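Both complexes shown next keep subunit A, but they swap its partner, so subunit B is in the first and subunit C is in the second.
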Partner chain A sequence: MSLLKPFSRLTGLNTANILLVENEEQFQQKLADTVVLQEKTVNVNVLARSLPLPMENEESRPRIDLVVFIIHLTSELSFQSAETSLKYLDPGYFQGKVCFLVTSARNVSVPPERLVSVRTLAASLHCPLLCAEDQTTEGVTTAAHRLLAILKVAAGLVPMATSLYLSTLTRCTVPSDIDQQNFE
Partner chain B sequence: MMLYLTTFPYQESSCIMGRRDVQIHFLTLLVLYFSVMEERNSTEETPRNNALAQRRSKSYRQSMRSCVEATHLAYTSGLLTALRIPRSRKAPKSCDITKQVDPDQVALLVKKEWQLSYVTPLYQFRHTQLKSYSKQLSAFMVSEKQQGLAIEVGQELGFKVNFSVVLGLAETDKDAETVFIQILSKQVFSAKDDAPKVVWSGWLTCVNGDLDYLRSLPLEFVSLPLFCTRGPESLTVLVKSWFENIFDCCFGPLDINSTNLQWLASLWTGCHPTINIQYLKLVWTLPTLPPMDVTYTVHPQDAWELWDSMRQVDTTEDSISIDEVTGFIKGLQSHFFRHFRIDLSAGSLMQISTALGSSHHSGKIKIASPNYIPTILQLLTECALLKMPI
Partner chain C sequence: MDDSTKRILQRLIRRIPSQMLQTMLGKWAHLSREDLHSLDFTQPKWVLTEQLLALCEENGLRVKHITELEMIYIIENPNQGMWHGFQLLDAEEDAPSIELTQFKKQFKANLTELISNVSIKIKKHTDEAIWIRVAWGDNFTKPNHLKPTYVVHHLQTPYVFVTGLTSKYKPLLNQALVLATRYGSMKDAHLSGRNLTAIRDLLMRQYQQVFPTKNPKPLQEKNPVPRNPNIEKEHAENTENRLQMACEAFGDGTLPQLQKAVYKLETKFRDNSNKTLTDREEPFRGVVEFASTNLLESLRHCVSSGMASTPVTPLLSSITQKGRNYFVITDKGV
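What follows is the complex of A and B.
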């Protein structure tokens, strides 16, 4: 089973690589283009539908600094495919190099249990959970901006900050089940 | 195994993207149990009392945020209590509702399609003043109709409004009694002595609402969160604006999301031994280009056998858990995938229907059999309470 390892390759100078994993392949292209436009040091984006990545271009693939799972809450399949892809990541990635991006969280037709399950998944893996809006250009730009902030830390381009340090601040938490009036 | 597959021709030339309708009827489903048994997840015992979630012992994180199940961007939890989305429900029992409710009134409720909305609690609504409410509402409607619109001679000879109470639907002490509203008016070409016909009807109800929430309301407020309407939209808007003016409440559309549609599908399928559901039809919309609608009709006996195999906890227990429901739907979806290589979980469930009733995602419900009214209304009341902004 081929795991994607975070430190198996050398880094490039002034480069950062982001892997966008999305089952529907709609949002990742727009997001990738916007990320590249916003920042000049980001050279390469890798797009994938699901992990594991194909073996053919294993040699030419650069080191991946950040893996982003894009989950569309309107379909159950999106979440399940992201869950199964998680198995193909080396545990070294979960120290701040994995991020979950969720779209259409405000949609009324989405059952809230799906967002709850994504949150519990993100909280159990200590990863940040971002909500994005993929229908408008401002939404895509905002999402790209936020991902770029995390990417720069993950690639080591920000002095005095490491991805593990950042993840302790940004990771998703699920509030425990306390009754409001019950202050024992 | 016989399969009927009909596809409608897709017109390439039109610039409007048409919808392809694919209707597939399964007459028999074979070898379904084995696939289902592999997928079964272990179910843990879910608490029967669905109003209270598990309380954790003292946690060091004392936060004012309400519990996770109810804090969502589409639902806002009540300021007074936190509402929880139930993970298990009681199995519906066939009850002869005519023992509790007048059969004529039951006949008014069943076999009609209702559009649902939620209502915030009504301020100073008195069940004793229904007659004066009828007069006020009819006067309001006549004055609204005459205001600024072109005079239509004959049609609006005057509205007659009927408020009535449907006793017996409320399950607990805290539920307010159901109020039924009818608007009658004379038709244009009716003879002099013809009785006015019902042009619009609606009812406000609360069945087995969340007890913590109902107890926490101040005394002047009456909570009847579920509002069902049937009739022209213009009249619905007038009735809603009258209620908003008099009782200081807010109305909003109530969508039934896919989880609740799945609950309804499983609850109705579970009723098959007592009353034949005749078919189980599910409609999905897939986000392809152009969007594809899939209508999946299942033979009732097969649906029931699948549902029964999901209920591996001994069926003497009353409660059905959400895991059994999701397992049931997953079984249906994987069977479809095996035959057509289309994964239905990529789309969204829009509509379900059986002989016992049908329900659409946009908030339409039709109850065909009076036996299971309390269960359905309880589910819908919960949806309405969760959707309300207060």
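What follows is the complex of A and C.
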């Protein structure tokens, strides 16, 4: 199985690379454009539909610092595709270099169980879960801003902060965990 | 003017939207310019109707003039009502050389022979289409102008488009058309929709088609679209392939606007989890209907975004390849 490995390549100077994985391939383009616009000197965005990534690009692909799984809560297929893609990630990524981004969380027609299952997945992997609004430009800009903040830490561009340290602060928790902490 | 004529005129004015009324009356040309100027088109429609009725009475206009106005309106706005496509088969030797006057004469003669009380109007439109309006009557009743049938035929093509035809008069119209166009028979093309231009484009393949090529990328003369060097697409090839297959199956650019595709299933039930239904001998009858404001556009998007698997299943691509939207599927094939 071709796993995506976090440290198989040398890092570049002043660069950070983010991989956006989305089954529908719609939000990722907008997000990528905004991220590149916001931080002109730093990054390269790689857009994919699912993992594993094609073998042909193995040589030219830069080192990926942050993998973001974009899940649209309106579609079950989105979630399942993200779940199956997780298998192709080297475990080294799960120390703060993976992030889940969820859209349409406020949508009334979305079954609440789906958000719960995404949260349990993110909590079990110790990854942060971000909610984004993909229909307006402000929503896209906000999401890009937050991703950039995590990306800079994951690429080592922020002094005194590592992605593992950040992930202990930002990791997703499922409500039952919090309740248990409160009452013990 | 008698009551029925008045009623026909009133219905027609009510049907034509206010914005178009002035242009339609101008094209009609049965009212003099002074009369037209005397009408104030900013008034409410019922006031206009009264004034028009009075003007028509003055000018002594009769049913045949009013039906002319209706025909002008329908020709300008053909995308209402349900249009059905038909195909003529077994052309005889002189079918390709039929010309307008001959067709008109033959059609009128044939139809009046078959049913005496009909009112027929034939008009040739600028885009080489012949429009026929038929109002049907019986031996004892006058033609009913409130429910006319419209027929569109392009000469030298084997296609006919009909709207407003009841099954009672279908065989008569068929026979008259077949004889007038010098073909052997006419069959249902199984294509129907609200938009006449759409079904005409689909049947006569007048939309932008994409043909399979071995080297789909264009020559490298032109500068490619400036892509952001910072953004890399991993699955670009896959996306391009999917888009290519979607366009090959459904076409490029603006697609004809179909509203429905109906698949009538007469196949045996096949599902291993449901034993009672699977063991039956007779076919399981079901109807699958796809509906959308622009069906072909939605299907193309389904394929290009990966929702429908590629290669495109022939069940969907035969909508455009065969030009029909009603299919009966049996176990032996479509």
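Heads up, the rule we're going with is that the second predicted complex is superposed on the first by the 176 of 184 C-alpha atoms of A that agree within 3 Å, B and C clash if a C-alpha of one lies under 4 Å from a C-alpha of the other, contacts with A are read in each partner's own complex, and residues count from 1 in each chain.
Throughout what follows, a residue touches a chain if its C-beta (ideal position, glycine included) is under 8 Å from a C-beta of that chain, and two chains touch if they have at least 3 such contacts.
Since the model is a prediction, treat every value here as computed from it, not as a measurement.
When the shared chain is aligned, subunit C comes close enough to touch A:53, but subunit B does not. In the superposition on chain A, contact is made by A:36 with subunit C only, not with subunit B.
Of the two partner chains placed around the shared chain by superposition, subunit B is the only one that A:116 touches, whereas subunit C remains out of contact. Between subunit B and subunit C, B touches the greater number of residues of subunit A. In the superposition on chain A, A:129 contacts neither subunit B nor subunit C. Contacts of A:67 after superposition: neither subunit B nor subunit C is touched.
In the superposed model, A:45 lies in contact with subunit C only, and not with subunit B. Of the two partner chains, subunit C is the only one touched by A:25; subunit B is not.
Overlaid on A, the two complexes show subunit B and subunit C touching the same residues of subunit A, namely 24. Taken together, the subunit A residues at the contact with subunit B in this complex read 24, 74-78, 80, 105-113, 115-116, 119, 174-184.
Residues 23-26, 29, 32-33, 36, 43-49, 53-54, 57, 61 of subunit A are the ones that touch subunit C when the two sit in their complex. Contact residues on subunit C toward subunit A in their complex (touch as defined above): 228, 230-235, 237-239, 305-306. Within the complex, the subunit B residues that touch subunit A are 53-56, 58-59, 61-69, 71-75, 81-82, 85, 255, 257-260, 287, 322, 343, 345-348, 361.
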